[in-house]
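Can you keep this structure in mind? I'll have questions shortly.
Which chain is which? They are A, B, C and D, in the order written, and residues in each are numbered from 1.
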Amino acid sequence: MPIPAPNLYPDFNVVRLSHVHLNVQDLTASKKFYTEILGLQISDEDDKNLYLRAMEERFHHCIILTQNSDEVSDAPPDIPSVQTVAFKTYDEDDLDKAYAYFQSKNRPVAWVERPYQGRTLQTSDCHDMPIEFFHKMDKMPAIHQQYQLYRGVKPLRIDHVNYFSYHADESVAFWSDFGFRVTEYTEDEATKRVWAAWLHRKGGVHDVAFTNGVGPRLHHIAFWVPTPLNIIDLLDLMSTTGYLENIERGPGRHGISNAFFLYITDPDGHRIEIYCSDYSTVDPDLEPIKWDLTDPQRQTLWGAPAPRSWFEEGSVFHGVTPRKSDLKASPIIAP
Amino acid sequence: MPIPAPNLYPDFNVVRLSHVHLNVQDLTASKKFYTEILGLQISDEDDKNLYLRAMEERFHHCIILTQNSDEVSDAPPDIPSVQTVAFKTYDEDDLDKAYAYFQSKNRPVAWVERPYQGRTLQTSDCHDMPIEFFHKMDKMPAIHQQYQLYRGVKPLRIDHVNYFSYHADESVAFWSDFGFRVTEYTEDEATKRVWAAWLHRKGGVHDVAFTNGVGPRLHHIAFWVPTPLNIIDLLDLMSTTGYLENIERGPGRHGISNAFFLYITDPDGHRIEIYCSDYSTVDPDLEPIKWDLTDPQRQTLWGAPAPRSWFEEGSVFHGVTPRKSDLKASPIIAP
Amino acid sequence: MPIPAPNLYPDFNVVRLSHVHLNVQDLTASKKFYTEILGLQISDEDDKNLYLRAMEERFHHCIILTQNSDEVSDAPPDIPSVQTVAFKTYDEDDLDKAYAYFQSKNRPVAWVERPYQGRTLQTSDCHDMPIEFFHKMDKMPAIHQQYQLYRGVKPLRIDHVNYFSYHADESVAFWSDFGFRVTEYTEDEATKRVWAAWLHRKGGVHDVAFTNGVGPRLHHIAFWVPTPLNIIDLLDLMSTTGYLENIERGPGRHGISNAFFLYITDPDGHRIEIYCSDYSTVDPDLEPIKWDLTDPQRQTLWGAPAPRSWFEEGSVFHGVTPRKSDLKASPIIAP
Amino acid sequence: MPIPAPNLYPDFNVVRLSHVHLNVQDLTASKKFYTEILGLQISDEDDKNLYLRAMEERFHHCIILTQNSDEVSDAPPDIPSVQTVAFKTYDEDDLDKAYAYFQSKNRPVAWVERPYQGRTLQTSDCHDMPIEFFHKMDKMPAIHQQYQLYRGVKPLRIDHVNYFSYHADESVAFWSDFGFRVTEYTEDEATKRVWAAWLHRKGGVHDVAFTNGVGPRLHHIAFWVPTPLNIIDLLDLMSTTGYLENIERGPGRHGISNAFFLYITDPDGHRIEIYCSDYSTVDPDLEPIKWDLTDPQRQTLWGAPAPRSWFEEGSVFHGVTPRKSDLKASPIIAP
């Protein structure tokens, strides 16, 4: 098994994926998409930034959108770009422990200022992919029972991010070392290499996942909804309000994770998954489920392959040049 | 508009599609599929025949399966074949009126014996496609509130059949003349010909539909279920019990009819649609909805095209040689 | 059996329940309730009237709300009052046939002007309860696929009305005579009298129902929604937007009709049912289902009795004084 | 605020509620109920014991049923009785730490043998209520994607237990001290005492809850299902298979926890909740939501009060005599 044993006593304690900071070309168009179609709620906004949260979230933001510019992205304007992905630690002390940990791994470490957050550690993983950690964030009033506010797909919370990695074994090893636990993974039988892996902190199937491909890039951000009917409602809404081209893949059931899914793209091409039907993974001795790369049902239990775009397109990180994976592409791509 | 005006006062009164009589190569395999996967209930069976009904139906059968043989089908064994499609009339008298009507149209007419049914008229439409009419059928106890019997997709009733026609304008004209009313249709802009049309008697979007193609053949039989979750449950069940290859298309939402759909095939290749989200069409002055053949959303509101098999494969009728349509194929086919 | 045989060939042909015209004390408050909570769409409005339709309806209105005044109601302002309930005929000729029919039954008949409708016949039933018939109504653009318009409970169509009758046997006999067919009924074992009955024209369980009680009064108007989740969403919405007191009964499953239901009241106290899970009744020889008055599952399959208000409160008709039934009240009332 | 601050660094680490061991009068009747109605899967059984798990669980059991006898219960046979409720620790070491912890609190401690489990610590809480802790349990093959096995309400996992406590403040203080965190609670305004509180370890609203009443007793065991439709299906099934009397309360939405719920009783009277719509509570600084005891929406967002039985009936623990709470009963009980 190419999967490292879980580190049950990591140097510091991460609670969960917290939020993603995206650059967008047209803040007005993105605001419309994220509030009316996705149905996120605005926590705050100014000329250049929009702070959003999902319906059950009681902290300030799970998505930050910022007007794109040369300052925030070195990518061409038609390539969607990400500033950072941030994780919440269990306690304030965990930030200091994380600082020391990443320093010991020869990663760059810096304390940065982030609005509505406490102390924030900026660092990166083994492939120079930016990561931020913080513990404190401003609290917001609970709105999960204000049902008149529910709109669009009625998202309850951010669930996970999925990354392209040019070497998923390395990514999995690096992230496992500070406590992320693999729940499911795909192995390339020929090379015994990890093709893709799902790792969690919060007790669901994943907070992060890594798939071999041109990376590091962000593959998608996922939001949790309660039932498949939310996803069907979203499809009906998008296909009759000018967002037909933003439907990329689905609806379907992943073999891996058993999730009922839909993949859509925002106006910049950032990919978003709508997701339900997770299972509990809080037991530290729950064994990872292994899938064979040649099993078509790992991708879609019901058999339909993913489109080529799903394997190829992603969002880049500022200052990070993606590299190709040395593993061959998945054999199961829709023509 | 190429659609004929509805005939509000037809010569005889048809209530609805009643049942379909299919030939099958392996009655045991088909029984398993129709009872455990589709979830139909057995009304009666013998060595060669199986009579089935859906959960809210209180008459004897909506599907008859018969062991295939040279007597019942002149098609090669690998081509799925149909004995007949039958319709229920409003009254016993309507059978005599139908006899006279079809005779006047120079169609063959005969009274035939059918188990569990009263007098049954055997005739055919303008393309020699077999049709049967009857009024009386044996009644069965109501089981719609015996929830422990619900299995598979939990089908409530047979809803409609869809035919390939080699000349859909002719089919629509013929069926409209005895009272079937068009609810939606696709027009080929270039020729002003009907590409496909949906016609009803019972107050839903259709009892029958005709699509241009190699015909006359049966394209599919549809069963009505209450919610999209029935369809998702069926996909999960089929994909984990050896029926993955029997999932052909979907789930999706048709633009036409607004139905949430799934197309599957039985062990012989007879196509079955699972269907919900119909609307009421009881008003005789409800205007047909016209769709353009080049509008991809007519097929699937959410944009995914149908696979080639869906346009090409169908079930043949005994003694009837299908012909090609002179209209070109739909431009919207998945590669 | 106390139920009359269905009249398969009535003097005139009614297609379905069309609309209900209600008086309201505060048109602004009612508009908010009917558009934001029920989610009906406005077809037209002026200072005193609001015309509404449900999402799949393509004719002008299914509900008319009119500002209450002495002219439109002789009831005290705190008693909800109804102007009329209207039915659509199959053809224009059916109006003349209906005129002659009701005249022959010694009922008052008059042609009245109704906005957006063609010729409208005003008459009344055997208990002086107002009825209107018309054939033509202005058509509206289809909006069932404009999903951004869906709000509140997302109602698809008006389904039926339920009346209190001071003598349900008489009501059932009168309405059966012009073609309404009983689908289910409750019999009082002691007297062999009908306690309540459900009658249809359109092929569902009912267009109208009659229950013994102080009548004639309107018990409720029902709207059809596709799934129980619409009803759960409505409960969440009403209970968090100031409409908690307007939730009267449910959610539950009726034994009779098998409907999943919720009963709510509008700001005036007019009762509205939200309803799904109907079955098809187009077969004229479908036998009525008989329920025993002492069977608690006829009311609610799951066993919870209805509150007293549900048996006692209703909306009155202008100029009609309700009378008590001589049958004793149902033994199954929540304490 | 009467709620203690959460103990972020408890002496030992509990992962989640694991299982409940119930005594039953008729193992055959209980087996039928738990497998056909609840839909749990049998992991093992012998003449006197039945081991069950839910569909996504990969450890051996979440419910143990044992044939009742004087040895296992000192309660009269008509009073449902419980042997123990067991919790899984994060690691094997945590058992030793728990042993020392409970010993230091002057609670009885003992290592006991439990089939299919590793070392098991038997102890009790401040009110002598039995608790067991273990870390290791036999693993079972994953069946969450074997959809043909899903039956009854299709339960995915055990979620929580709810206890009657004769002094909820004491219970909350005791359990908080070893790391259970309060997510929501009801305060009695007059006395500033806790009426009821919900506490978690696994990142949901609760693993355990305490309500003032005659205690310690088990109020209910809850199973998690994905959608409200599972609950509606269960109601339909129970009400038509002889379990109508076993439906106690619901369906409804709790204000507290926002859960969509149904309460049923097993053949012995053990109460079971079917539950969905939880929210994530993994953040250690998520503030508890406070409810007022006089707010009717805390119990049921939609307004219907709970029946008296729900406040009074529960399952007793062997060797533990329940005592009355000194707080007055909730003012909101259905008449």
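The rule is short, and it goes like this: a contact is a pair of C-beta atoms (placed from the backbone, for glycine too) under 8 Å apart; a residue touches a chain by one contact, two chains touch by 3 or more.
The structure displayed is predicted, hence computed values, not measured ones.
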{"item": "Pair of chains joined by more contacts [C-beta pairs], A-D or B-D", "value": "A-D"}
{"item": "Relative to chain C, chain with the most remote C-alpha centre", "value": "A"}
{"item": "Computed distance of Cα centres, chain B from chain A, in Å", "value": "44"}
{"item": "Rounded Å distance, chain B centre to chain D centre (Cα mean)", "value": "50"}
{"item": "Centre-to-centre distance between chain D and chain A (centres being mean Cα positions), rounded to whole Å", "value": "33"}
{"item": "Per-residue multi-chain contacts in chain A, two or more chains", "value": "145, 227, 229, 236, 240, 301"}
{"item": "Residues on chain A engaged by chain D in the complex (per definition of touch)", "value": "8, 15-16, 56, 58-59, 88, 90-91, 135-136, 139, 142, 144-145, 156-157, 202-203, 226-227, 255, 258, 276-277, 279-280, 282-287, 289, 301"}
{"item": "Chain A - residues contacting chain B, complex", "value": "227-229, 232, 235-236, 238-240, 244-245, 247, 251, 253, 260, 297, 301-303, 335"}
{"item": "Of all residues in chain B, those that touch chain D in their complex", "value": "145-148, 227, 229, 233, 236-237, 240-241"}
